[in-house]
Amino acid sequence: DIGADAMNAIAITARSLGDAGKVYLERIENYRKYLQKTDKCVVAGVTDVKGDRHLRPSDPKQAHPDFHLRIVEKRKDGIVLRGAKVHITGAAYCHEFFAIPCRALSGPEDSDYAVAVAVPANAKGIRQIVRPFHGRISVDEFPVGSELRRMHTDSLIIFDDVFVPWDRVFLCGEWQVAATCVYNFALMHRRTGCAYRIPMSEQLLGIAVAIADYNGISGAPHVKEKITEIVIYLETLTALSRSACLDYVMHAGIPVPNPITTNIAKYHFAHNYHKIVEIIQDLAGGLLVTAPTYRDWQNPETRADIEKYLQGNPEVSTENRLRMFDLVRRLTSGDLETICLHGEGSPFAERMTILMEAKKIIAKSKKLVEDMAGIKK
Amino acid sequence: DIGADAMNAIAITARSLGDAGKVYLERIENYRKYLQKTDKCVVAGVTDVKGDRHLRPSDPKQAHPDFHLRIVEKRKDGIVLRGAKVHITGAAYCHEFFAIPCRALSGPEDSDYAVAVAVPANAKGIRQIVRPFHGRISVDEFPVGSELRRMHTDSLIIFDDVFVPWDRVFLCGEWQVAATCVYNFALMHRRTGCAYRIPMSEQLLGIAVAIADYNGISGAPHVKEKITEIVIYLETLTALSRSACLDYVMHAGIPVPNPITTNIAKYHFAHNYHKIVEIIQDLAGGLLVTAPTYRDWQNPETRADIEKYLQGNPEVSTENRLRMFDLVRRLTSGDLETICLHGEGSPFAERMTILMEAKKIIAKSKKLVEDMAGIKK
Amino acid sequence: DIGADAMNAIAITARSLGDAGKVYLERIENYRKYLQKTDKCVVAGVTDVKGDRHLRPSDPKQAHPDFHLRIVEKRKDGIVLRGAKVHITGAAYCHEFFAIPCRALSGPEDSDYAVAVAVPANAKGIRQIVRPFHGRISVDEFPVGSELRRMHTDSLIIFDDVFVPWDRVFLCGEWQVAATCVYNFALMHRRTGCAYRIPMSEQLLGIAVAIADYNGISGAPHVKEKITEIVIYLETLTALSRSACLDYVMHAGIPVPNPITTNIAKYHFAHNYHKIVEIIQDLAGGLLVTAPTYRDWQNPETRADIEKYLQGNPEVSTENRLRMFDLVRRLTSGDLETICLHGEGSPFAERMTILMEAKKIIAKSKKLVEDMAGIKK
Amino acid sequence: DIGADAMNAIAITARSLGDAGKVYLERIENYRKYLQKTDKCVVAGVTDVKGDRHLRPSDPKQAHPDFHLRIVEKRKDGIVLRGAKVHITGAAYCHEFFAIPCRALSGPEDSDYAVAVAVPANAKGIRQIVRPFHGRISVDEFPVGSELRRMHTDSLIIFDDVFVPWDRVFLCGEWQVAATCVYNFALMHRRTGCAYRIPMSEQLLGIAVAIADYNGISGAPHVKEKITEIVIYLETLTALSRSACLDYVMHAGIPVPNPITTNIAKYHFAHNYHKIVEIIQDLAGGLLVTAPTYRDWQNPETRADIEKYLQGNPEVSTENRLRMFDLVRRLTSGDLETICLHGEGSPFAERMTILMEAKKIIAKSKKLVEDMAGIKK
C-alpha cells in the first residue's frame, strides 16, 4: 500500500545519502517497529497543492511560499512544518501519515522543501478538509448486501506550523535527493496501482461480457470485436505489470520495479480506460441511463410491466438484467457519455447506414481504379 | 425537435405510398393544424423494447409478441395497440406522443407491427414508468442561479390495449414502408442531434481551455496539443454537420439531410466523445474529484485554508477555480475516470518517465541503425 | 497550382504593405501578363534547406548564413541571391520559378532573408540537383497503357549568386511581412492539396473495395467495417475541404480559404493516411508482395498454374486479380508493411484466436461481476 | 524457425491421436535424425491458395477441388498429392519442405485435405514460381558493405501429383486433428515471429531517434512525445512476448507458448506498425523522398552544394544524414506516405496553425462555460 511505498522510498533515499543517511535509516527502522507493535495505519501525503506549476517552490513569484510543504523552523527537539498536502486518500480514518516531497528540487534555495516526516493524524496544527467519494448505493438501485461500494474519502491536509520531533524526521534539507525520494515513491506506487488495476480490468471485461450476454447480442461480430479489445487491454496490462517485477532494478541496494514497464503499464491502463468505458456503454445501450429504478421494480403496480417488457436475452431474468445495468452504471458512471453514444441511435447503426449510403461512391471509386489497373470488363 | 422529425418521417412515408398514402397525408395535415391551434407539445416514441434483438417482431421464438408495438385489433372507429416504447425523453411532461416503428419489417407476417399513430399522453391504457436524469445541483456544489441543470426524465411507455381513432392513424399494416419511416426519422433526428451537439462541443472546448488556464498550464506544449485536438473535434463536427444540409437529397419530394454525412457527423461526435472527456479530465487534474465541497467553502473555519492553498494560476481566484471544477464534473461526470487517469500520477508524468528511463534502449537502438546505415563515428 | 498559390501570396503581402506595396503589385501584374502571353510554366520554391531548425536564419550559430535564401548584394539594376530551395517538384521541367520565404522573420537582422522573386530556370548561377520520384511501371508488372505513373522529379535548387532585375523582385527586406507571405502561401497551397487529395482518397477507397471483392471477402463483417472506415475518411475530407472554401476569410482584400478548416482538412488526410493504407494492405493479403510477376504470367510454362491456383472470387479472372495487386502495390508501396501485417497470419486471425483463447478469463470475469451485482444463478 | 515450428506442430498432432499417432511420431523422429545427419534446410508450406475463402475445400462450389493441397491417390508405397502452397519464403533455396494443412476441417468429406508430409524440393511434380522480395541496394543509395538487404524470395509451390513415400507422411486423412495441427503451428510460428520483431522494433526506434537527432530536433516536445510512443511500442511487445513464454501451456504433453499473449503480441506489433512508420516519416521530413542520390554525392560537380546545403544538426556530417535517409527509406519504404505527410507542410505545422487560428472560437467557448459555472469577471 501507499504507506509502504513511501517508507521504501524514504529508505532508498536515506541509503543513497551514504553515511549521512545512517541516522535516517535508524529512525525509519524504529518507526517501522513502532508501527508493527501498535498496529497503526499510515497513509502517505505526497502531492502538494503546488500553486503555479511552472515556478519552483521558493520562487518569489509564487503567491506565497507555502504551496509546497516546508520547514519554517528548526528547533533543538525537532522541526516545524507549514504547507498542505492534497488528494490524500484515507487520511480521515488513519492514525499517522508520512509526508514526503512531490517534486525534484533544483538548488539550495529550495532546501527547506526537502523534508520527509511521519506525524500522527491528530498532531497539533493539523487540519483536514475531507471530501467523500460518492459511493453510496442509492435507493434507486438494487441492493447488493452492503450498502456502500468502494467508499473512501480524500483530504486536503493543512500543516499549520506542525511540530515534528527529530525521531520522526527522515529528510531535512537535503534538496539533492528530493528527486530520489519522489521518483522511487512514484515508481513503487505506480506498481502498486497496477496490481489492483488488474482485477479492476477484469471487472470491466466482466461487465462488458455480462451485459452483452444479457442483451442477447454476444454472437454479433462487432460485439466479439469489442470484447476482444477488452481482452487485449487486460492481458497487455498483466504482461506489462509482470515485466515490471521480473525486470526489477536495484536502487541503493533495494530492488525496485522496472521504471520503464511500470510506467508503461500504468499509462496503458489510464490512457485506454476511456476507450474501454466507451465500449461497455456501447454494448449496454440506452437502458443504462433510462432503465426504471429499483423503487419502480418494488412497486406492485409497475413490476409486471417492467418484467414483461424489459427482458432481453430470453434466458436471463429481467431482474438480473436490471441489476447488471445498475452495476455497469456504478462502475462506469457516465450518464452523459451514454447519452452521447446512444442518443439518436447507436454508433453501429450509424456505421451501417454510412456504408449502405455510400454505395454509389464505392462503386464509382472501384471503377476508377479498375481503369487505372488496366482492367477491362 | 423529435416531434417534427417524426412528423416529417411519416409524411415522407405517406408520400412514398402514392395514392394509398393520400389519406394519411390528409390526417397528418389535420393533426398539424390541431397542434398549432392548441399549442400542444409532442414527443416521439420510436424505440421499442425489442426483446431478442436477433429475432423479428413476430418470430414465435420471442418470449411474447409484444416487444414491438403492434395492432391487436382493428375496429370500425380505430385500432387498438399493445406494446411498449422505451427511453422516451420528456414523455412525462408532454401532451401527446407519436409512435412509429423502430425497424424495417421483412414480410406480411409482421404487418401488425407497421403502425404509426398519435395519442394523447393520458389516453386510456397508457402507463409510464419514469426515470429522472439526475441533474440537480447538489448542496456540495457552488450554486449557479438555477438549481437544476439540463434536467429531464425518460419514460418507459406501456401501451396496454390503447385505442386510437382512425384520424390519428398514419400507418396501418403497410410493412413494406416501415423501413422508409424509421430510416427517414433516424436521418432527420440525427441531424437534429448534430445541431445541438455543436454548442455541446463548444462547451467541451470551453471547459478544457478554462480549466487549463485556471490551473496555470495553458502554455505547456502538451496542453496546446490537447486543446488542438478538441478544436479539430469541434470543427470537424461543424463541417460535417453543414455538409449534411448543403448536400441534402430528395426523399419522396421532401428535401432531407444527406444520409452519409449526417451519419458520419453523429458518429464522429459519439465515437470521439470519450477521448475528449479523457483530455478534459487529464487537464483538470485530481482536484476534479477531491476538491473540498461548497459547504466547506462556506464554513468560516475552513474557507481561509481553501482559499490560500487551492489557488492555481495566480490571476484566477480560488473560488472561480473551484466553480470550474464543479462545472467540469457536472459536464463530464466521471469520478472513476479521473481516478483512473490521475491516481498515482498524471499520464504525462508517466510518459516523461518512460522517455527518461528508456535512455539506454534508445542509445542502443540508435547505435544499431547507425551500423546498418554504414555510419562510422 | 503551386505557382498560382505563390503569386496570390505575394499579392496579398504586397497589399498588406499599403502604399509601400504598390510597386510590387504593379510588378506582379506585369509578370502575370508576361506569363499569360508567353504561356510559361512556373513552380514555387518555398522550402529552404533551413540548417539548424531551432536557430533563426541570421543566427551566428548557424554553420553558415546561407541555409535560407538571402540577398547578398543590392545593385542599381537588381539584387543578387544566395541559398538553396529544396524538394521543389517539377523544377527540372519548368520555365520559371518563384522564390518566397518559408518562415516568419523576427527582426531587422533577418531582413536580407525577406525576399520574393521570380527567376528563369536557366538564370546564371542556378544549379539543380534532381531526384526522380520512382514511378516507372517495372517489367514485373502488368502494363497499363502508359509505362509511367504519376512520375515527377524533385529538385534541390542552388542559388549561387543569382542576379534578379528589379522588375522581378516582389519583396526585398520587409521582414515584418515574411510571415504574411509564407502564411498565405501555406494556406492556399494546403487547400490546393486538399483538392487533389479527394480523388486520391477515392482511389484508396476504390482499391480497398476492389481487392476485397476480387479476394471474395466483401461480405465479411470485418471487411464491411473496414470499408466503412475509408468512406468516413473520404467524406470527412470532402466536408472539411468544402467548408474551407465556404467559410473563406478576407486577407488584405483577397478572399482566402478558411485557415482552420483548411489545416484540419490537410491534417485529417495526412494523419489518418497510414491507417487507411494499413486497412488496404490487410484486405489485400500476402499476395500483395508474393504474387508471381507479370513475366511469369507471360511465360507459357507457368501461366496455367498461376491461372488455376491464384483465383480468388470465382467471378473475377485471375489476371484481373493480379492486375489489381499490381495497382495496390503501386499505390501503397509497402512491402515491409504487408509482411508486418500478414507474416504469420492476418491480424483478424490473431484477433479471433485471442477471443477464443480468452474464454476462461472471460467466464471468470463475468462471474466476478455477477457476484458484485448481487446476481444469483 | 518455421521448419521447427511445423515439426513441433506435427508432433503435437500425432501425440493428440493417442495410439493411432505412434507411427507418425516414429516417422517424425526418423526424419528429424535424417535432417540432423544430412544438415538439410527445411521450410514449411502451410498457406494454401484457398480459392473462395467462404467455402470449405471440398465444397462443389469451389471452381476446382485443388485450392487446398489434397491426397489424390493412396498407393501401397505412399500417397500422391495435388494442390499449391503460396507465399513460401525461402523455398527457392532450401532442400526440403513440410506441407501441413492451413485450416480446420469440419467433416469426413474433407479428409483428403488432412495431410502433412515432408518432400524434397526437387521431388518429381514440384514446380515453383518465385518472386524476389526487392532488397537490392540501388546505385542511387550509399553502399553499406553488403549490396543486399534482408533479401529473400517467396514461392508459389505447385504440387502436380507429387508422390510421397509413407515414411514421410505424418498425417493422412485424420480430418479431426487438422485444426490441432494448424493451430499449434500458428501458435509457435507467431511466437517465433515476435522474437525477430523485437530487434526489428529496436531498429524502428533507432531510426526515429537517429533521424530526429540528425535533423537537429531531438529537443522539441512533440519529438519527445513521438519517441516515447515508439518506446512504448517496443517495450509492450517485449513484455507480451515474454509473457507468452512464461505462461506457456501444455499441448499433448509438449509446452507451447501462451495462446492469448502470443497472439496479442503479434497483433500489437502488426496493428500499430503503420502508426510507428508514420511517426518515423514525420520526423524524417521531406528529404526522405527528395534527397539527392548517392550518384550526385559522388559527382564532384554537385558534391560541394549538397554538403553545404543539406546539413541539419551541425554536429552531424551531411554524409551521415544522407546515409540515414537511405536507411529510413529502406526500412519504411513509403514514398507516397511521406509525400502524404509532408507535401504542403508537416502535420505539426498544421496543428500549430489550427490552434493559432482557433483563438476566437476558443475564447468564445471559454466565455460560454464561465457563464455556465456562475463565474463573474
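Brief remarks follow.
Think of it as A, B, C and D in the order they're written, each chain with its own count starting at 1.
Here is the rule we use: a contact is a pair of C-beta atoms (placed from the backbone, for glycine too) under 8 Å apart; a residue touches a chain by one contact, two chains touch by 3 or more.
These numbers come from a predicted model, not from an experiment.
Taking the definition of touch as given, a chain qualifies here only if it contacts subunit A and subunit C alike; those chains are B, D. With respect to subunit A, maximal separation of chain centres occurs for C (centres as means of Cα atoms). As a whole-number value, the distance joining the C-alpha centres of subunit A and subunit B reads 27 Å. Averaged Cα coordinates give subunit B a centre that lies 42 Å from the centre of subunit D. Between the Cα centres of subunit B and subunit C there is a gap of 37 Å. Within subunit D, the positions touching two or more other chains are listed as 231-232, 235, 260, 264, 267, 351, 354, 358, 361. Chain contact summary for the complex, subunit D toward subunit A: residues 231-232, 235-236, 238-240, 242-243, 246, 260-261, 264, 267-268. For subunit B in complex with subunit A, the touching residues are 47, 49-54, 61-64, 66-67, 84, 86-87, 127, 129, 131, 133-134, 154, 156, 158, 186, 189-190, 192-193, 215-217, 219-220, 259-260, 263-264, 266-267, 269-271, 273-275, 277-278, 286-287, 289-293, 296, 302, 305-306, 308-314, 331-337, 340-341, 343-345, 347, 349-351, 353-354, 357-358, 361. Of all residues in subunit B, those touching subunit D in their complex are 142-145, 199, 202-203, 205-207, 209-210, 213, 221-222, 224-225, 227-228, 231-232, 234-235, 320, 323-324, 326-327, 351, 354-355, 358, 361-362, 364-370, 372-375.
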